[in-house]
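Below is one structure, written out as structure tokens, with a few remarks after it.
Letters are used for the chains, namely A, B, C, D, E, F, G and H, taken in the order the chains are written, and counting of residues starts over at 1 for each.
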Amino acid sequence: MNETRLMALLDAVGNGSVPASEAFARLRDFPAGEGAGFVLDTQRRLRTGLPEVIYGAGKSAQQIIDLARRLLAADEQVLATRVDAAKADAALAVVPELVYDATARLLYTRPVAIDESRDMIAVVCAGTSDLPVAAEAALVARCLGNPVEQFADIGVAGLHRLLARLDRLRAARVIIAVAGMEGALPGVIAGLVAAPVIAVPTSVGYGANFGGVTALLAMLNSCAPGVSVVNIDNGFGAACCADAINRPHRQH
Amino acid sequence: MNETRLMALLDAVGNGSVPASEAFARLRDFPAGEGAGFVLDTQRRLRTGLPEVIYGAGKSAQQIIDLARRLLAADEQVLATRVDAAKADAALAVVPELVYDATARLLYTRPVAIDESRDMIAVVCAGTSDLPVAAEAALVARCLGNPVEQFADIGVAGLHRLLARLDRLRAARVIIAVAGMEGALPGVIAGLVAAPVIAVPTSVGYGANFGGVTALLAMLNSCAPGVSVVNIDNGFGAACCADAINRPHRQH
Amino acid sequence: MNETRLMALLDAVGNGSVPASEAFARLRDFPAGEGAGFVLDTQRRLRTGLPEVIYGAGKSAQQIIDLARRLLAADEQVLATRVDAAKADAALAVVPELVYDATARLLYTRPVAIDESRDMIAVVCAGTSDLPVAAEAALVARCLGNPVEQFADIGVAGLHRLLARLDRLRAARVIIAVAGMEGALPGVIAGLVAAPVIAVPTSVGYGANFGGVTALLAMLNSCAPGVSVVNIDNGFGAACCADAINRPHRQH
Amino acid sequence: MNETRLMALLDAVGNGSVPASEAFARLRDFPAGEGAGFVLDTQRRLRTGLPEVIYGAGKSAQQIIDLARRLLAADEQVLATRVDAAKADAALAVVPELVYDATARLLYTRPVAIDESRDMIAVVCAGTSDLPVAAEAALVARCLGNPVEQFADIGVAGLHRLLARLDRLRAARVIIAVAGMEGALPGVIAGLVAAPVIAVPTSVGYGANFGGVTALLAMLNSCAPGVSVVNIDNGFGAACCADAINRPHRQH
Amino acid sequence: MNETRLMALLDAVGNGSVPASEAFARLRDFPAGEGAGFVLDTQRRLRTGLPEVIYGAGKSAQQIIDLARRLLAADEQVLATRVDAAKADAALAVVPELVYDATARLLYTRPVAIDESRDMIAVVCAGTSDLPVAAEAALVARCLGNPVEQFADIGVAGLHRLLARLDRLRAARVIIAVAGMEGALPGVIAGLVAAPVIAVPTSVGYGANFGGVTALLAMLNSCAPGVSVVNIDNGFGAACCADAINRPHRQH
Amino acid sequence: MNETRLMALLDAVGNGSVPASEAFARLRDFPAGEGAGFVLDTQRRLRTGLPEVIYGAGKSAQQIIDLARRLLAADEQVLATRVDAAKADAALAVVPELVYDATARLLYTRPVAIDESRDMIAVVCAGTSDLPVAAEAALVARCLGNPVEQFADIGVAGLHRLLARLDRLRAARVIIAVAGMEGALPGVIAGLVAAPVIAVPTSVGYGANFGGVTALLAMLNSCAPGVSVVNIDNGFGAACCADAINRPHRQH
Amino acid sequence: MNETRLMALLDAVGNGSVPASEAFARLRDFPAGEGAGFVLDTQRRLRTGLPEVIYGAGKSAQQIIDLARRLLAADEQVLATRVDAAKADAALAVVPELVYDATARLLYTRPVAIDESRDMIAVVCAGTSDLPVAAEAALVARCLGNPVEQFADIGVAGLHRLLARLDRLRAARVIIAVAGMEGALPGVIAGLVAAPVIAVPTSVGYGANFGGVTALLAMLNSCAPGVSVVNIDNGFGAACCADAINRPHRQH
Amino acid sequence: MNETRLMALLDAVGNGSVPASEAFARLRDFPAGEGAGFVLDTQRRLRTGLPEVIYGAGKSAQQIIDLARRLLAADEQVLATRVDAAKADAALAVVPELVYDATARLLYTRPVAIDESRDMIAVVCAGTSDLPVAAEAALVARCLGNPVEQFADIGVAGLHRLLARLDRLRAARVIIAVAGMEGALPGVIAGLVAAPVIAVPTSVGYGANFGGVTALLAMLNSCAPGVSVVNIDNGFGAACCADAINRPHRQH
């Protein structure tokens, strides 16, 4: 439920074009709809500009299906993160509105409406192995309506690959920089552009990488100001941050 | 050296109002001016929108004074972070253009020109003990030209204090949320507003707080999307991120 | 063997209604009954008010079955934690007195006698993924005789879901608050209620969550006093603490 | 402001014994009184049963004095933790209502009213070096109105010292067990008594003690159920937990 | 090759009862016999009193078989640790001299000659789940010739179980104390006996146990002197230490 | 593309022996060739003396095959690290130029041209379990053209095994020392030789070894100067360092 | 109170040479004597063979003095560890029986009676900077009656220094090996001798040494069996272990 | 004692130009000279090419003076690291051969003989605050006879500063790259040059920098091969590695 649609519904009730009983049915679960073991936050988009998103990692296929149906019934966008292929197959089999992106591990509803009046979000990743996290960030940002450009495998071990794309990076309103190993890419980019940089450490690496901790720490210690950081492998969170930056400011 | 001033200088040379020799003197150190043990990045503002800032922690008073004089000679803003009182006194004694804020530990040049056409940046802190970090964030954001509002001591142990300020928080273009101990404030705020939230963990606490690590980790794991995080006690970095978000987008 | 039953047995021997030989058979293993690789602490309930509980994680199905039979033979309640489905199936096949709860991973004897004269224990969890730990806490608390109410998926990212349940939370004698990720829920609750809050961090999350360490540290650093913490995913331990708080005080 | 006093004030206004203007003056700051850099949570005791407590570690003497005066003006108890001797001297010099306990590092108002109808809280510590933390726990518990008994230097290296005090420990409604080094004391006690045990790790030790982390971890992993844990050196928090357990349950 | 046998061989050559060529064959690999990817330290027993032991964890079944055959050919005892069942089966099929203990995961040669003139080594473990590590310690100690007594499931949560065995513990020349979780057992024992205590932390536990780190740290911080510690789950190492203590001192 | 071959190609174009169109085809991807999700750094050997190497861990078999074909098409050496057997089989089936070393987990092109004018690189490992990492180091060093000698199982627990090989170690231009567990070998070697020692910690060990962290830390703290360290299990990186040391210096 | 003296006292009462009242005075505090904030474990030597030792780190000079006087009054040896110079001076001024060793930071009573019938304990340290810890170990071992030989600065970076002392090391009944930095010394020694080795990590080092953690971990992971470890800088604990090993076995 | 001088001395004895008694005096302490608490490794330079260096951190001024005099008496170079100003002043007052560099904290003997036939070692540092560590590396490398060039303040936040110095970096035989914070500099350099890169993390930074751990981890995880790493702030060790690389290879 976003602002426009809530206002329209109330207007429609006011002018009689929608019976109160129907409006009631659609608002019944507002601001929170309860189910078996979950409480859907249907007011979230109004408060935060972001839809209620399903965190798929700790849930069964059936729980994801139930939540998706609840959202569809409420005419809401479905967006489920960290859904593995088996759960996705189960959901696709019974909820035809859904599509699945195996690289990004996202289950979501099409069509996604890109708001072309917005600026572009650039999603950059250091190595081929970082692609899944970058894919999650890029697809979530698109699902939230943002134009996105992606740039892969331009890590700091071959700087000319990065410098060759500087023009497009400078055109972005915000840059999501994804890197594992030593995590140097976001800092190097932040020293070259004026846009805010959201750094996403990945768990790519081994040994003293500690599942992404090294990249995380390096990004938090970037000597180039203008870098902020999200959790390891959290492409979804980075996309939400970038969307909040790129979204037109609501003046209250 | 920002874009406007570089263009103006080149125009002035073009129309003869400034002799080439004088322009040479002012551009001599462009893009980098070298001194004893340092290389001033005079091109930084052009690339990133941020001035060259002096990191005061590892430098002697004399090094800070030398760098400040170089920046003043280049007609640049001076902004030095993490300057303790003793070094500040030494600098104030010989560089009259400087002022010092003891809470924020910042040494900088006045007057600061607030750009009232920009949106407001809110700087929130959880407890009284977090004030120095919040002060650094707020003052740096102001030095970079942003209107800033500050809110202190509204941590999650007394939610009504936070809820009472929700209107002003919702009016902000970006929120810097500063907290120590369990670091819950940024996540709670991000669940209530649409603006991007820059979380700053502080080292306030003891025992299993580990000098701010607990707050840092909690912020990175916020279940409310839209939170990105900077280093512990890094009010300066948060202000730079907020400035990059709040600054009008340069279309290349 | 609890106080009432020990007294009754001794009285019965005293008045001749139970022959000494039978009492001997039932007390034979008191205070500790030894088996192959284990020593059953049959005096525990007398000392601590809690029965001897089987920690299922490091034991074979056969070891669990042997221990359950020993407890049944001694007319004691059986309660085995962290029993996976395969071990549970093996036990259920040969010990008909047992029932199994797959979510809570508990194997135990029915019927459970709820002591309605006791106050209510509230078990709250932040997200759907935290349900197994909350289920363990709730079921153990019930097995120990306490009235329990459960509240799921009311994390701090949507505060209205929590505030809507405040009346029931305030009615509880003690609150068990279960949360993963940033672990903010127990502190927020402790700022709103007068009851003691037992915080249970869960391993729900990823990356810089470190298998629940972040939630654990955040809970230990809660700025709201009145929160104490148990081990990660330790719903069992939280229930024992809550039971000790809710149990009538034995005056010695 | 506790429940009784709020009701009495409103009754007094109702029956005319207190003019509305005076009631207004006393309730003016309710539920939160704002000052320079702080927001006093005057509603806290009503919500949580605990007064607003001043965390002295990150505050100047002047800030502590200001807060103490605000609380005294509101007829509230003053309790400030982690106040070092210098700050305490400054406060004692200008606020005659205060007293200072140097071992416990507490600054507070006398007289403390012990509620003799409550059960006893036992505060136990393992070694002489743990005394300051135990003193903080004991004095805070007394300030909150609880009868307290203290037992020092009865660590597990000489079990007979502990066993000799078992009777008094079994008489307690709740036990606060304070220990540094390997932190074994709370678990050993929890295996011997029925009362809930609040474990307080201390930073006493060296080397692989890591400032109390070892004791903290050991306590979290206690094999005796019924132990919950607070932050390292957090005698204050343990006392609040014990008070919440020992306080009569408010039925809503 | 131990001292006695080397002397005997040289004497035999001296008096002609063994031809030099045969002695040469048996000493050929002395002090080190090289194979494919390994160098057998055949001088080790002479230097350290301990045989060359095969660390099975990082080796293939074939490598273990090759090493065992080399040792058998040199008339040496075979002792291989951390051998899983599959590798053991492969070895047993082709090397009939070997026997396998599945609990202790040891592959070794019988008969083991217990030296009854030595004192007794006590191997104690806290819980049933610690049995495999205790079994490794006990069997290795026996393989090295020591009389051993084992005591299981006598952790500190039920002290009477431990106190009941104090007489036998006081009879031991050295005590190996095995415990997971909070690791308190060795310290409690060391406060009760005069023998040296070798503490073995195990990885039994979960959450903030960190795979045995908590037990390890607790043991290192034991407030009872006389405790020394080996690596987590290192029953083998503890047995070697105990053997070195229990072995008659070689005067050089 | 190395220096010699680039010069030769340009000379050939200059003297007409190679048509410009063919040179264009071979230089088309210079300095970087882009594919699906990757950007090949074809200029790397010119800049750094090392070929573009495929990091196999985070890539699919198909991605490895595509990259190998691109390199072969460009007449470049193929070297892919951390390739497991399944991926290797898939690649061997369709790219006949490749060979696979299962111990070293390397996929590469033969023949490897050893430059006999170079000095020897010694690769030493402490135990049999460290062999895979040592094999990776040795084979990569050979692939880069260096004469290599390998020494296995000569750890510090039997010093005579190491001392017996001192002559060959002293003949090496650089020594790669591979060790797990306590990681003492590189420091002991560095106290005995004049060559630089590259230390490679391995993840061999258990418990407080923490997957190689202990060996890594020990090597970083070596009291013998002349030791530098690479990541845990990073035989590849050590070989690159050794190659850079052993390669004749290019005077610019 | 050790066994001999307790027996003698009881015999003396039995034969009338000591009046019961005097024996009562001397046994009054047995098994534990309570003071202000401490409980003296006067039974400890009888149980464990070790006297009650004062841990000086967390105690005031006055507390140390009080404890020392209590021990002297009970005719017990005084041994206080980790006593800094200021506290020692205060104690020496008022308790003439005490002497102070500044390097070892020990305050103790002379004369120390060396039991020449015991074997020798060797105390070895790797570097000059490890001397204080080694001194504590050696002096405590002597205070407990053991003959001790000390060997300094024979770390593994110059093996010939160690090998030159091998004869004396092989003569020791037990070896205490003290080392900081990479902590390799105990493992190298354990590969060369048959005696048990007690390893003491020290906090000597910097950076990735982490205050002795690196040495501690390395020692726990020693590939030479027969090494057990005590806490960082815990020379006292190592001496107690060595004493327990070297002390004649009490047959119960 | 290096090779040349030992040969010359022996030749001189051989041809009678030096009496055996004088040679004896000079070789008296060979291979190790013992003093109070130290054993000088006078054979070190012969074995390793490096002199015996005094680690000044854990030593008193007097110990440093004694060692310096021993080295001077043996006609050896003196090089003491981590000597603070107070100790240095004490040494300079009584040992006139010494000079002190306060930035590098080195105490050493002049004149230093640079071997101009050697290649150049480049010492690069990222920021002004890293200068002391870089200074230690550069001065030690010079003391060992190497030509050195230093480059300061060319971190990755302003890449043009680094790229402008690429020619000199490519001329170096080996590069020491010193950086704190996110430690990205060595990896970026290694992607641009063919020389081996020795990375030195510094403790410059705060918060999640953890005293240099972040830089250390980032360097160990560099995605550019050819980087090896020494301990945090270990400029001395880096110089020794670089010297071993730059030193002509001794063919045995």
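We take it that a residue touches a chain if its C-beta (ideal position, glycine included) is under 8 Å from a C-beta of that chain, and two chains touch if they have at least 3 such contacts.
A quick note: this is a predicted structure, and the numbers were derived from the prediction, not measured.
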Partner chains that chain C and chain E have in common: D
Centroid comparison with chain A (C-alpha atoms), farthest chain: G
Greatest separation from chain D - chain, by CA centre: F
Centre distance in Å when chain A and chain E are each reduced to the mean of their C-alpha atoms: 55
Intercentroid distance (Cα basis), chain D paired with chain C, Å: 27
Chain centre separation (chain B, chain F; CA means) in Å: 44
Separation of mean Cα positions, chain G and chain D [Å, integer]: 39
Per-residue multi-chain contacts in chain F, two or more chains: 44, 127, 157-158, 190-192, 207-209, 213, 216, 220-221, 224, 231
Every chain pair in contact, whichever chains are involved: A-B, A-C, A-F, A-H, B-C, B-D, B-H, C-D, C-E, D-E, D-G, E-F, E-G, F-G, F-H, G-H
Chain C to chain D touching residues, read off their complex: 44, 47-50, 53, 119, 167, 170-171, 173-174, 190-198, 216, 220-221, 224-231, 236-238, 240-241, 243-245, 247, 249-252
Chain G contact footprint on chain F (complex, rising order): 126-127, 155-159, 181-184, 187-188, 190-192, 205, 207-210, 213-215, 217-224
Chain G partner contacts - residues on chain D that touch it in the complex: 127-131, 152-154, 157-158, 160-161, 164, 204, 206-209
Interface residues, chain E side, partner chain F - complex: 31-32, 37-39, 41, 43-44, 55, 57-59, 63, 82, 201, 203, 211-213, 216, 231-234
